[in-house]
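Just below sit the structures, each encoded as structure tokens.
Each of the two complexes below includes chain A, the first together with chain B, the second together with chain C.
So, the complex of A and B:
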């Protein structure tokens, strides 16, 4: 194995936290159970990594195998990256093609390799008909930089693709082109059932009118379909302190107060949608919260006008 | 909309009506369901309201017991109860009002201090019950208790009135003001 590849293996394995090491290596499935058992996992991390790299050399690991390991590491740490979302739209008159994953992968790779001679493209299938694509970019004269790859996650049954990278901007049109040949159809989610009907006639809701109003306003704001899955929203406030009390220590402060508010949840938008029906908040909710799907962003900077 | 009065309507035959007041509809609904599962010789009616005053209604039966539900996780729910208390006739506080605080089990989620509700109940001279309504078993036993309280407040238990009950409950449960 050449030195640069061995070094890449070393650095990739070194990144993996010890708590995740076995899980990641097992998911990678490149080193056998027997081989893993020969490694003493109680040593210092550098020594463990060295032993693992030697095993990789024994198995004649290729760049492709290293790329797979890198994808798996990134899948475990996907929340540490910032992802952009792209939505593909169908041109008028385009037919709906049946999607073939293998065909997609091969044509994607071909398009990139035709345009740039030096590029490493690797694929890994994942849940819900999605594929993770790792792209290491090079230039005409330089080999691909394996340490700054771009990731694209494409959910084949939807028109959405997620990308993450430090150096993607110039290569965006190329990526777009490689998606062009594949149209996709959105799958319509089933509508959730409306208000659950209280079958027990001995329970009477005094505020029925108010409840119905809350449901109606919530539906107007959020719609009927399930919300997009979002895990957090962050608001950076740079506003002057406002107080109801006259005077007070901060009331006369001229400079804006800096404050960060972060909402996080396994499913933030559904949580916001259920606030008013659950009686935890009044409708209408603050437009700062409800504008998230419309504006398509979840990082906000708020300044005084 | 006038204040709710305890004795401005005639009682229904064998009927006992409880009014649960609180912001979190789901909790109230679950409590109501648990209460109605109990075996009871009286005919139970449960009314759920977000706040007082109630919308005008001639058809509403006489309300025998009002339970104000405060979720200790939510200042909004406390504020709602405090504002609703103003719309209640003073005569209700002779044994026909109870406070119920939920959420004490998850201390890290509490934004309302226990003592705040204790003081509130003390101010209104009414009993305070604690129960984590989200836990099914606790909710079921609280429902049993409320059904019993309701029967007494509706006058269905011979020999015990709401006022008797008040003195009985005050002694054992509520700490005196000096202890707070």
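So, the complex of A and C:
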């Protein structure tokens, strides 16, 4: 095995946390049970990795096998990557094709290899008719950089593909389809609304009518299903200060107030959904917040009209 | 604003009810309960405060000396008066504290950077960091590490810094006898483990008591207003507020940054009394920010918890963390913090 490949194996295996090591290696299924048993997993990690690399050499592991291992590692750590989502749109005349996974993989690889001499493309099938594609990019004169691959995850029964890597953007046209930014839709369902009526008749709910109204409006805006997972939204505001209560403040000022507002949360949309019922926000909620799922963006610039 | 009888509202703490080893032994829950209790007790605050004037440092002191105090995050504590503390014994204190740290290291409560390192403890006076002549001199404690490796020629790295000061501490100074030195404000930079070790030594040696100094939303608003009121030639940082929304199942943070010139313009429009900041002005200033926000987002920021304010003068976090950015207003910022520390002690 040549040195660069051995080094790539070494570094890839070294990345794997010890707690996941056995699981990943078993999923990879390249080294046999017997071979794994010969390794002393109580040593220092560097030594374990050394032994594993030697085993790979014994089995004459190829670049393809290394790429597979890399894909599996990434699958285990998908949450650590940032993914862009693309939705493929069909032209008006296109028929619905019957999808053939093998044909897709082969033509995908061909397109890339024809355009770029130096590229490594690897595939791994995954759940729900999806395929993970790993692409290591090179140039006309340089071999592919295995340490900065791009990943594409394509769910074949849907028009959606997920990509990770900044280098991919310049190579998107190669994929030969037009993409649109993913738009999430939540279906609204008619449902009768019932608040918890406390069995103890001595407890009166204040503002019951108002609370019901708030619940209803919140549900109309956000729907019943869990919200798409979003972590922040940012608004650049350049609007004049206007206040009825604090009369006269900044009344003569022509220039707007330059503000930057950022909302962040582990689950932003769920948090925003809970604001009105908690009494922190008024209903109807501000369109600046509710338009996030509809517009499919979370950076906004707001100016006075 | 009405005047209040302070003694009725702030119950004196019974010595037995104070957790003597609160500082080190307290669980995070205990610490939180204490600080929440403090935040909800009514604070009789002066209805007005003076706007910090620039350069209140003593004239014969070189402001460059304080550069190391700036742009660093300090954790705040209040400190009760030190018994039989002397500025002439610094050499001895250095030795004793060094020995104490070494002993703690033996016990396994190590100073965190590798045991291969030799450490050096330095006590020094911070000249000029005071409000009036009556304030005691501020002093500084530093823990330095000396590399043992012959290749790196005696490079010393600062592991931990702590300083003690008193800015306009008259109300406290008046209450203590001569055996006590009043330096109610303590600021530390470094790991909590080190702070705990050094704090223990001081508590044992001078019979004093440290307590974390939290800053509640009320005082954060005051700081924001006062620092916005300070005259600046140019702004180094945007004016920013951070709120934490307690109610949602998932935490939500709202950051609201406003261009410092616009913040100043808003303040100037609100401000009526020259040279001073009043409660009404602070309330109005914050109200304007809240209403501008509400106009766009229909969210009542006043129903959430203000946790951090940041301006070109300084930034402060509710957990009792401060970063001072502008040397001109160093004394002004410390004066407010001293006030909070003194209040916590009394």
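One rule holds for everything that comes next: the second predicted complex is superposed on the first by the 179 of 305 C-alpha atoms of A that agree within 3 Å, B and C clash if a C-alpha of one lies under 4 Å from a C-alpha of the other, contacts with A are read in each partner's own complex, and residues count from 1 in each chain.
The definition used in the following text is that a contact is a pair of C-beta atoms (placed from the backbone, for glycine too) under 8 Å apart; a residue touches a chain by one contact, two chains touch by 3 or more.
This is a predicted model, so every value here is computed, not measured.
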Chain touching more of chain A, residue-wise (chain B, chain C): C
Contacts of A:249 with chain B and chain C, given as first, second, both or neither: second
Contacts of A:85 with chain B and chain C, given as first, second, both or neither: neither
Which of chain B and chain C A:291 touches, first, second, both or neither: neither
Chain B versus chain C as contact partner of A:211, first or second or both or neither: first
First, second, both or neither for A:258, with chain B first and chain C second: second
Touched partner set for A:241, first chain B, second chain C, both or neither: second
First (chain B), second (chain C), both or neither touched by A:281: both
Which of chain B and chain C A:22 touches, first, second, both or neither: neither
Doubly contacted chain A residues - partners chain C and chain B: 278-281
Of all residues in chain A, those that touch chain C in their complex: 235, 237, 239, 241-243, 245-246, 248-250, 253, 255, 257-268, 270-272, 274-275, 278-282, 284-286, 288-289, 302
Chain B to chain A touching residues, read off their complex: 19, 22-26, 29, 32-33, 36, 44-51, 54-55, 57, 74, 76-77
Residue numbers on chain C that touch chain A, as the complex places them: 238, 245, 247-259, 262, 265-266, 269-270, 284, 287-288, 291-293, 295-300, 303-304
Chain B partner contacts - residues on chain A that touch it in the complex: 198, 200, 202-207, 209-211, 277-281
